[in-house]
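Structures given as structure tokens follow.
One chain, subunit A, links the two complexes that follow: it is found with subunit B in the first and with subunit C in the second.
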Partner chain A sequence: MSSLNQTIQDVFNEPGCGKNQGKSEKERKKGCTKQLQPGGAAGGCAFDGAKIALQPITDVAHLVHGPIACEGNSWDNRGAASSGPQLYRTGFTTDINETDIVFGGEKHLFKAIREIIAKYDPPAVFVYQTCVPAMIGDDINAVCKAAAEKFGKPVVPINSPGFVGPKNLGNKLAGEALLEHVIGTREPEFTTPYDINIIGEYNLAGELWQIKPLLDELGIRILSCISGDARYEEVAWSHRARAAMMVCSKAMINVARKMEERYGIPFFEGSFYGIGDMSDSLREIARLLIERGADPELMERTEAVITREEARAWERIAPYAQRLAGKKVLLITGGVKSWSVVAALQEAGMEIVGTSVKKSTREDKEKIKELMGQDAHMFDDLTPREMYRMLKTAEADIMLSGGRSQFIALKAGMPWLDINQERHYAYAGYHGMVELVREIDRTISNRVWEQVRKPPPWEEEGAANWQSRAMASLEAEAEELAAARLADPALAEANRRAQAVCMCKGVSTGAVEDAVIGGADTRGAVSAQTGASTGCGACGVLVDQIIEDLSPLLQAAE
Partner chain B sequence: MAQLAKNAKACTVNPLKMSQPIGGALAFMGMRGAMPLLHGSQGCTSFGLVLFVRHFREAIPLQTTAMSEVATVLGGFDNVEQAIVNIANRTRPEIIGICSTGVTETKGDDVDGYLKLVREKHPELDHIALVYVSTPDFKDAFQDGWAKAVTALVNALVEPPLPHSQPDSRRINVLPGCHLTPGDIDELRDLFEAFGLEPTFLPDLSGSLDGHIPEDFTPTTIGGTGCEEARAMGSAAWTIAIGEQMRPAAEALEVKAGVPFRLFDRLTGLEANDALIRFLAEISHHPVPRKIRRQRGQLVDAMLDGHFHIGGRRIAIGAEPDLLFAMASFLHEMGAEICAAVTTTHSPLLAQLPGEEVIISDLEDLEVRAQDADLLITHSHGRQAAERLHIPLFRMGLPMFDTLGAGHLVSVGYRGSRDLIFAIGNLLMAQGHAPTPESWREFPSTLSNPPIKELVS
Partner chain C sequence: MPQDANNVIDHFELFRGPEYQEMLARKREQFENPVDPTELARVREWTKTEEYKELNFARDSLTVNPAKACQPLGAVFVAVGFESTIPFVHGSQGCVAYYRSHFSRHFKEPTSCVSSSMTEDAAVFGGLNNMVDGLANTLSMYKPKMIAVSTTCMAEVIGDDLNAFIKTAKEKGSVPDDFDVPFAHTPAFVGSHITGYDNAMKGILEHFWDGKAKTVDALVRVPNGKINFLGGFDGYTVGNLREVKRIFELMKVEYTILGDTSDVWDTPTDGQFRMYDGGTTLEDAANAVHAAATISMQEYCTEKTLPMIAAHGQETVALNHPIGVEGTDRFIMEVARLAGVEIPEALAMERGRLVDAIADSNSHIHGKKFAIYGDPDLCFGLASFLLELGAEPVHVLATNGSKGWAKKMQALFDSSPFGANCKAYPGKDLWHMRSLLFTSPVDFLIGNTYGKYLERDTGTPLIRIGFPIFDRHHKHRYPVWGYQGGLNVLVTILDRIFEHMDATTNVPAKTDYSYDIIR
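For the complex of A and B:
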């Protein structure tokens, strides 16, 4: 486990991440992940994150070393598309049993690798470590090494057992495995000055194919996509690219940054979501390639394609944009793509009434604020009940979220659209933006909403339904609180002050307020005094809010 | 009849099996106001949550103790306590059902002991039932987790009847196996009520996961059997258990409250339902209602119409033991040949399966054995195999993530059996191969190259 701990520390030390560099040595050791709350958490684990990041490599056998839960409950459940091999959709697991727990699972794992190679002959086997074999001390690095030597094939250990942290960390640990064992181990047949890597793109619903035709047209070759629709050898020779684009926020920043360090491949962080972002990304790709020696005329051709595509996209969006202008969108995305989606929706004339930021990094959050102005609500860890209240009080016309929270909207008779991993539609590039707008329109304008909101025949028109009862009960609770405040102001105030602002460090509202009243009038000052917002940073906006709320009071005092 | 073949593989390929803890969690979801809680790392819960959401297309209450690496090593008392307190505050449940996982079982967390401590420290939580079941991932399968959770519910909740009290002859307990859908439960409730009986289902997914619009907004389950109803099960006259997996729960109920039980190993097919109806008429002293007599006639007719398409066909089935037994037996009675049977865990029923062999294994083994099958029956993960085999897939079991109405697929009762014949018969009927001039040619024609050409002048 010590090497795994080192890797995790190394990931936490990421110099490409400004946020980490702003921390003290001690804080950094604690890691960049929010402490999970028992009974209040809902996300995936580090193993899940590693699998998401690597499974899109289509010709590899992905073998999960663990009990049946890790693979049996989850295999073939993502929409990463392949243009060829289907082996990545085959579920392989050692399905370890009690005997393995007692005697160790290493031999079992070795045999499983042998069987896979004998039956399926893949170019490589990826072995994923999970919690239980990590606990009993199975050394998958040693098993993979022995198997690789014995069978003359790459067998790559992915050390990312679930309990080391959340999905986001798993993405990075997967990247570390590629850097250590895969990247730089093969050579492409030839290279061109127009070779790029795309890092952090998983080709969900075939989104890479909404981008690739334009790159093809410009003569830009995707030498390697990590990892959407990738083949093993492509990833292995990705170190020969001239430039790289890092998609999807910070999920694989370590791969991009270390490839720059080791192989001198410059990268930029971009997005394929939204017309503006798509154009910026094409320009940036061209710029980096020209910087690395491609013919400068590439930029002219790129601009020509951008002009043509933007015009075509706007033309196709126009009929919808008229109908959607002013429609309010409640955006609850568990993913790291919040800000990219915000930009895209604003292009279609819609208004964003909120977005969740649970898994987004702080920089994501800053970008969201920049894009939406200060008015937008950002929700951290909303309970379903609160989410429902938002839907009602924000008077949203549609909710966009991941699959899990869809039923809050649907049961309330509200239009809803899936924008997370499990979605079936591709929303990238110019085509994708048009597709997203079309889907939103198809959803909002469906006649079914009128039907499902009708009361049953045994109830009077306008009679209380469960939705109105739920709202009434929320109001009743608020009144109860107010009454409690009247009855026992001291207790109510104590309760209010005891509510946590910062979940990571357990800092209460009262503690933050006291610090602000005591003179700490910036987020930094409050953090330094109370420790609030020094964990995951998600509560920074709440601290800002408290400072803002109290500032008239302070000014009056002066 | 069927021999249990040995699975000698080290690598499970395309798993058929799912893990115990989420089977246990699903059982808890059949309780009203429930919040199932997996004691493990948060991924254990996340995978189960996504799986159930995609199958039922419903919001799924499921929480985690979010064990980190450090907490795992030190022991999980703090996490269990915090999780219970947080769930109590955030969701106000009637019952929290706790399942252990591979991680916490490997460490050896004494959750029963933890719960005693939690009870001592938190008298304010006395009104919430806390039910724990040990379900390590590295043992047994989904069906076992469900069965163990129901047994745990019986042991924790059911109260023995008062001394000298008479059982209520109208009331029956029903212990359904995990292979029954919410639609199956609804069908059975109709049947029992037609005989004037008042059934209590433990658990009752038809109230919580049948996809209705709830009366109120709640983060816990939106229906199901209440703890009060479960406590009163001791005063019922009979217990009906459905599926061999429910035998331990039925026995526990008998030991605890003296309620006799009758176990039906399946309720799919004519004979199986005749046995049930005979039993219901007997215990209710109620003549068989006209509606049900007509349904029997319809099933017999459907069997006659369906046998043309199902008889003699080779069918490969991958399912958990009780579902496998119900389907294989019924299709065997319809004249089909069970050419491959793969299951997930041990059961005394396996020896009684029609067909030559059954193996505890995966969908790779099912695919290999289904090379000349006409139809594949398994959960949605069979889709890749069916595509490669060029045969239709009839989806049954959990998960069914690529189809609507998974919760309403009914396969019990005369009516459910009848509709099952239609659905499977239709799939097979659509497979009919139209004959071509080449269909029966065995030797090359010499006409295209005639030895002697005669000119027609």
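For the complex of A and C:
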């Protein structure tokens, strides 16, 4: 396992990530993603992260080495569209059993690879490590190497067992596997000065295809998309691109950065969501290509396309913008979407009452602030209960989120629209933004919400409505907590103090309070002492609040 | 010949064989006066145009593919809901064979029904002898407790007087004097099966309440707190009535279901043949006069019955086949009001579950366009449910719908922003619907089995809700009323939407990029 540990450490040392570089050596070793909290409802594991990052490579056989749990739950559950091969949708697993656990599963894995190659003859087999074989010591790297030699075909180990960390880490470990085993192993038939890579785009609901015609029109060739609608060899020769765009925030920053390092491919981080972002991305692509030797007239053509497409999109959004003006949106998503969608919604005249930043990086958060101003309501780890409360108190008109959060909205009687991977509409590009606005309009105007919020008509006037019921249940819970506090004040106080103020730096309420009591009576002083509010800065107001709350106490002490 | 005794193949495959295909082609050429295929295609395309639609809607004599059945069918439906009652249809026996097959094709169950088997002699000299012999034979052969008489057109055209005939038959000793023989005139050339339901129900209630054709004193109403329930003609009667009973029990309402067919069309296979399983006892039918109120689930099935009941001093409420949240709310609240009971928490929970299911799936139905046809009340119930779901019931057609019904539909459309482009078509048939589906297409069609031709011709996916449903089994065992029934209707609609989605995204490497496992 030492090599896996090294890889993880390497990923944690990502120099392309400003947040990581801002940490001390010791902090960095702890990892770049927030430690999971035992007892809390958690997001996906590293295996899941690796699987979703690579599964969109459509002609590869994705073989999961583990018990049925891993492939059984992840088999084809993302809407990454393919223009051809369907092999990526076939669920391959070694489905290991007790005998494998006792005697080891390596032979089983080897045989499974052999059967895949005999029956399907894919251009490559990706083998995913999972917790159980990792713990019993199955060396999938060795098995893959032996199989690759024996069958004369790439067999790529994806070493990202679930226990090493969360989904985001899995994305990066998947990227590492591509860097180590795939990228640079083939050569394209020809190259052009207009070849680009798109990294971190998964072609969900065919979003890549919505962008591609514009790039085609400009004569820009997507040499490789990692990994939406990709073919194995396309990824293998991606090192010959002239420039790269990194789409999904930091999920695959290691791939983009290392390809720059190894092959001199410059990259930028951009988004296809939102009209302004889309235009910026096209400009940036053109700029990087021109820097690498493409004809400078490309920029003129790009600007012409941008002007035309923006005008067309605005024209089509205009009728909706009137209806949506002033509508309030609560955004529960992660990473790149937390800011890229903000821009898009603002374009349609909507107001963002809050956005979650759980999976977002510091840059993501800064972009949100740029867009929404310093007052941006950013929420880190929103518990379902908190979301529920927000839906009520923020008086949002609609919540946009992934499928897992939908039920919070639905039970609260809140219009909800899916913007994560299980969505059925493509929202990328100019056309996609029109589509998103149309969907929001359609969702908000759905008569169902009226029905959902109405109590049974036989309930008396003034009886509990959906909002008061939601609040009542929250209050009841608060009372219970208060009762618990009375029962065990010490524990309750410890819990209260442990609550984080600053999510970026992991500073607890207790630490801030101690600093204030110790004499740090300004936000700056508290920050200097504890590190609170030196990340995204969003918690500054909370620090101020604590100072204000404690000042009478301090004055009394004086 | 390709049929081989060792490997017998069914008609699906057999007639696709070359021998049969050649035979059929020869027949077409030699005997069918074939037209030029391009001319055929031209006309077929022409039938899809606005021009053709206008000509089609200008039709004033010919009905093509009517979406209604005849009065006696409704009368038979009513009769079998009463205790040990046999429907006796005075007229031609062929008609009766139709009702029986019609019901058994829909319910996959037998329906007991006899006929006076009038022939040409009877048509000339009147059907009295057939009535006299028929009643006597029916009693001696089938031992019913009651014989409910209705008529076919044949008896109506010659003007047979049921009241007098039954009286004469009793005088001649066909059946004992005090034997219950209620009757209703049910000519098919007036109204439809829903009219027949109305007439037959009214006939039976009047028989018991108003002195059994002047043979005994009329009952004197002594009001109690009970509620009478009329389901109307209903293809989902088994599931619906059981659901309604469950709701009544939950609400602790004392009730009488008039024409209780809940056990008639799904009798158990346990070694016993149940010729009769109607659930309304004759005693209950008589005592129903004392009830506080009568609630009808289908206004247009009870247009004469309800005023008759009201004239006896009861409050009456007519609903329109309530489906969904708002419709069921109204039903439940009316029952609670009429019976003076509280609505139990259990029903509020069921309501919440239906609302939850609607919210979970809202995006798939919202904004979709539907065409609906069927009986007027069912059309109303479905249309209001679709409006509730944010769908547009663009074309709503009832061959047996009246102008008053169309007005009521229009008022429903006007009550919702989703009704802006919707229109009701009273008295139109399925060939009119065909034109509508071509000139202003919709996403889905809701109707009975006959809609499958429209589905084939126009490509509009059919959602089977209505009567008759011959080509899908057992739908009648599941309710469409109550909150649970609303859930069934929701799921029926959703299933078809998802099936359609899958069917249009399953071409490998062409459309299957959207052939997703999560919908």
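FYI, the second predicted complex is superposed on the first by the 469 of 558 C-alpha atoms of A that agree within 3 Å, B and C clash if a C-alpha of one lies under 4 Å from a C-alpha of the other, contacts with A are read in each partner's own complex, and residues count from 1 in each chain.
Heads up, the rule we're going with is that contacts are C-beta pairs under 8 Å (C-beta built on N, C-alpha and C of every residue); 3 or more make two chains touch, one makes a residue touch a chain.
The model shown is predicted, which means the values in this text are computed figures rather than measured ones.
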After the subunit A overlay, clash or fit between subunit B and subunit C? clash
Under the stated touch criterion, which partner chain does A:Pro457 make contact with: subunit B (first), subunit C (second), both, or neither? second
Mind working out whether A:Thr307 is in touch with subunit B, subunit C, both or neither, as first, second, both or neither? neither
Which of subunit B and subunit C A:Ser82 touches, first, second, both or neither: second
For A:Phe92, decide between first (touching subunit B), second (touching subunit C), both and neither. first
Contact-wise, after the overlay, does A:Lys111 reach subunit B, subunit C, both or neither (first, second, both, neither)? first
According to the contact criterion defined above, which of subunit B and subunit C contacts more residues of subunit A? B
On the A-aligned overlay, A:Gly44 touches which partner chain: subunit B = first, subunit C = second, or both, or neither? first
Check the residue A:Gln6 against both partner chains and state whether it touches subunit B (first), subunit C (second), both, or neither. neither
Of the stretches 294-302, 312-320, 330-338 or 366-374, which one in subunit B hits subunit C? 294-302
After overlaying the two complexes on chain A, where does the subunit B footprint on subunit A coincide with the subunit C footprint? 76-77, 86, 411, 422
In the complex, subunit A residues that touch subunit C: 76-77, 79, 81-86, 206, 410-411, 413, 417, 422, 424, 442-443, 445-449, 451-452, 456-458
Which positions of subunit A touch subunit B when the two form their complex? 36-48, 63, 66-77, 86, 89-98, 100-101, 108, 111-116, 119, 131-132, 135-136, 161-166, 383-385, 388, 403-404, 407-408, 411, 422, 466-467, 469-470, 473
Per the touch rule, the subunit B residues reaching subunit A in their complex are 9-15, 17-19, 21-22, 37, 40-51, 53-54, 57-60, 63-69, 72, 78-80, 82-87, 90, 101-103, 106-107, 136-139, 141, 213-217, 219, 381, 384, 401
Residues of subunit C that touch subunit A when the two form their complex: 325-326, 329, 332-333, 336, 343, 348, 351, 355-356, 358-360, 362-363, 366-367, 387-390, 416-418, 508-509, 512-514, 516-519
